[in-house]
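Chain lettering (A, B, C and D) follows the sequence in which the chains are written, and residue indices restart at 1 in each chain.
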Amino acid sequence: MSGLNRQQMADAVARRFQDGWIVNLGVGIPTMCSNTAITADIIYHSENGVIGYGPLAEPGHEDMHLVNAGGQHVTLKPEAAVVHHADSFAIIRSGKIDVTVMGAYEVACNGDFANWKVAGALGGGIGGAMDLAASAKRVFIILEHTQRNGAPRLLTRCALPVTARGVVKLVATNLGLFEPAGEGFNLLEIAPGVSVDEIRAATGAPVLVPADLKTIAV
Amino acid sequence: MSGLNRQQMADAVARRFQDGWIVNLGVGIPTMCSNTAITADIIYHSENGVIGYGPLAEPGHEDMHLVNAGGQHVTLKPEAAVVHHADSFAIIRSGKIDVTVMGAYEVACNGDFANWKVAGALGGGIGGAMDLAASAKRVFIILEHTQRNGAPRLLTRCALPVTARGVVKLVATNLGLFEPAGEGFNLLEIAPGVSVDEIRAATGAPVLVPADLKTIAV
Amino acid sequence: MARQSKVVASFAEAVAGIEDGATIGFGGFAMPGVPFNLMRALQEQGAKRLTCVANTTGGAAQPRMPDIGHLVERGMVAKVICAFTAATRASDELPFTKYYERGEVEAELVPQGTLAERLRAAGAGIPAFYTPTAVGTELAEGRETRMFGGREYLLEAALPLDYAFIRAHRADTSGNLRFRRSQRNFNPVMAMAARVTIVEVENAIEPAGSFDPDDVHLAGIFVHRMVVIPPAPDGIWPQMREPRK
Amino acid sequence: MARQSKVVASFAEAVAGIEDGATIGFGGFAMPGVPFNLMRALQEQGAKRLTCVANTTGGAAQPRMPDIGHLVERGMVAKVICAFTAATRASDELPFTKYYERGEVEAELVPQGTLAERLRAAGAGIPAFYTPTAVGTELAEGRETRMFGGREYLLEAALPLDYAFIRAHRADTSGNLRFRRSQRNFNPVMAMAARVTIVEVENAIEPAGSFDPDDVHLAGIFVHRMVVIPPAPDGIWPQMREPRK
């Protein structure tokens, strides 16, 4: 029941990108979306003001002045431009990001998600997540379907403090692709070798399955 | 009783500038402050985002892409930098302009002044005057002491709609240099060949004269 | 699938499809950066009930360049939002002013810095902000103010545009722009505030990558259509005027 | 009378005179643009009860670079205002976090875009603005929100700084700066928000006029003290780290 690996999860999301989109990728698995050959014509934006970055730099060819929002050394496409932080978030808040892809601790079928504060902690790590979640045209979430102890991360309501409310449009896990649909998650595509019953057992909210369920291409 | 000419009025104001000041000059007589040799080390700022401009361009040497706020073709000093309009007014509103020098229709001894709308007009021309007047560290006004019909422009209260309230620190006219002082104007310096009685007769507010009245150097 | 080219062949094509009732911002300050060619093309395009946003409705100087006044004269304009609806010199008259005084067009007079900041706010996803400008003046009468730190500020709203018309010095095929000297002025904030930005460019469009990414003044993501200005007399290129007295 | 030179000879001189109780902003994002040398000098300078503003209190990675955590460890900090007061990965721990959990320092956690915009507002004379960010979250609890166009926004206040510590790639004697690539990040807005901006510069200071006025990223009017970073090991120059798993 392990399903997709991390790059396959990123690929499943990246396949939904459309040519010409401006895309912001969060730390972790989401950054892998820019390392896939699936999407040819995407403009990647990162919070630190880099517009139009490309794949990760080859080892030994890193530019010490150039990182993405995850601190990884990236390359630039010819169309690249650099702006300062206030202008970078002006782009975000004014709705020019077509999709933001983020990791999360929890996501709920009402479209809420939580990714900045763990249970019992005093502090948190918000970064640009709240700005992106509030204002991007689409919020896509990538996360492991369950916690290490097997507890579900896809829930009816988030237990942790939320990052934004009602904004998630697509959820990719190792088990499948889901769409928050109010009282449950629509299962859009299923990972190869995974059964619907396994998904239902691992999900903390109703899972709605279409008659013509597709399997994710890997 | 004509007193100072236009350049002499500008010079009388420019003598009050201090080295290192950031200075914004309004259209008309105030622009003449940047054409005087009196002030060696001023950073001139104009609303259209030019920081560090110098004297007017010599005829035949104008740069068609470079004007000051009055639309005059200016030159650049080596320290010059260009910003866009929102950043230019960020500089103004955040209080970084040491002095703004403007023309006016009227100025009052309570520090109010009026320079954007004439009597009976429906429209007006504000330009950057209200932003500058509200936020510059000092507002200096240069204007002819009287209207063409002899009516005073220095008043107890402005009759025209004001540009800002209580902000004027210095007033230069063809007759002298004045400081708004609440219930009247302090006469700081007098133009050569002009008498205090002439000034009082031409002023619509009390004029307070110091014992050691200086004459403006021309 | 490649993205569609942003370069169009004519000014008429650049302004095609502008809807009646649109809000259009025109960049420029004095002569530099004013999209004269696009403004002339818009006169021919003929959209109605426009809201026009610019520093000024048009200058008093002659010979007269394309300006908002021309659009008003053709009955295309419902409203202007500008820092000048009349000349500052009582002896001058802006072409716009007489139509305004006759009640043929509406006008909202805005301090220049407030205008720039309202555009910047629209491009920054900020719906409203407070400014010290215009407090205590006729412009603030009846409006909401608030004290912060003992000082009074006026609430101002973002000013989003449907279209921005701007003029740039150089452009690459991805829409990255460079402005020259005081040509920059309102142009970047107009573009950031707009749904669609249309640019007249003073030089031939260069290949993507022609500018160092550190030296781009307006990123291509803000630019939608570009047209190269032909040499005079087909294109409009400001020249020196007789000095004013 | 000539203006005083902005160039100082040492980091100690650059941070001299910083008062107890000052609010200091530290530019940088990840490694690029962080004023590591100035932060190290501040540890020695020893001012107390500081309010520290930055994207993060410090990274979890080793070897550890100078960060706000070091200042906290020395008892110099009353409060931090940051977008990270704990690590995003539950498995990491920021050096700062344990002092915070022990109650030895106050913290205000701010979304990164709100932080940038609050600094920008301070540098733009805007005392407060509305943002959609953080609406509906724990951060908005008990705070003022307002509807504009049917959407809820949160009121946020400007965040002025006494000092900005920043790092730039090139500088001229007038203080005009250029940043390289993502080194720009928070640095210009920190400088615009500050009363005094102190810069560590990666290259020798160049004569005024070395940069085209169109290519200045931060105008010299915002810059007060500059110091050139010496070669390693005297100066701090980030190197590649072992990749994280």
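To be clear about the criterion, contacts are C-beta pairs under 8 Å (C-beta built on N, C-alpha and C of every residue); 3 or more make two chains touch, one makes a residue touch a chain.
Note that this is a predicted model, so its numbers are computed, not measured.
Contact with both chain B and chain D is made by C. Among the other chains, A has the CA centre that is most remote from the centre of chain B. Between chain B and chain C, the centres computed from C-alpha atoms are 28 Å apart.
For the pair chain A and chain C, the distance between C-alpha centroids works out to 37 Å. Counting partners per residue, chain C has 117, 120, 124-126, 131-132, 180-181, 184, 213-214, 217 as the residues that reach two or more other chains. Within chain A, the positions touching two or more other chains are listed as 50, 76, 82-83, 86, 89, 92-93, 135. Judged by the touch criterion defined above, the protein chains form a pattern that is neither an open path, a ring nor a star, and not fully connected either. Pairwise, the chains that touch each other are A-C, A-D, B-C, B-D, C-D. Contact residues on chain B toward chain D in their complex (touch as defined above): 19-20, 22, 40-41, 43, 45, 50-52, 76, 78-83, 86, 89-96, 135. The residues of chain C lying in touch with chain B in their complex are 29-32, 55, 83-88, 90, 94, 96-97, 100-101, 107, 109-114, 116-117, 119-120, 131-139, 169, 180-189, 217, 238-240. Contact residues of chain A toward chain D in the complex are 27, 46-50, 62-67, 71, 73, 76, 82-86, 88-89, 92-93, 115-118, 121-131, 134-135, 161-165. By the touch criterion stated above, chain D contacts chain B in their complex at residues 1-3, 120, 122-126, 172, 174, 176, 192, 207-209, 211, 213-214, 216, 219-221.
Put simply, chain D touches chain C in their complex at residues 117, 121, 124-132, 146, 148-149, 151, 153, 157, 178-181, 184, 213-215, 217.
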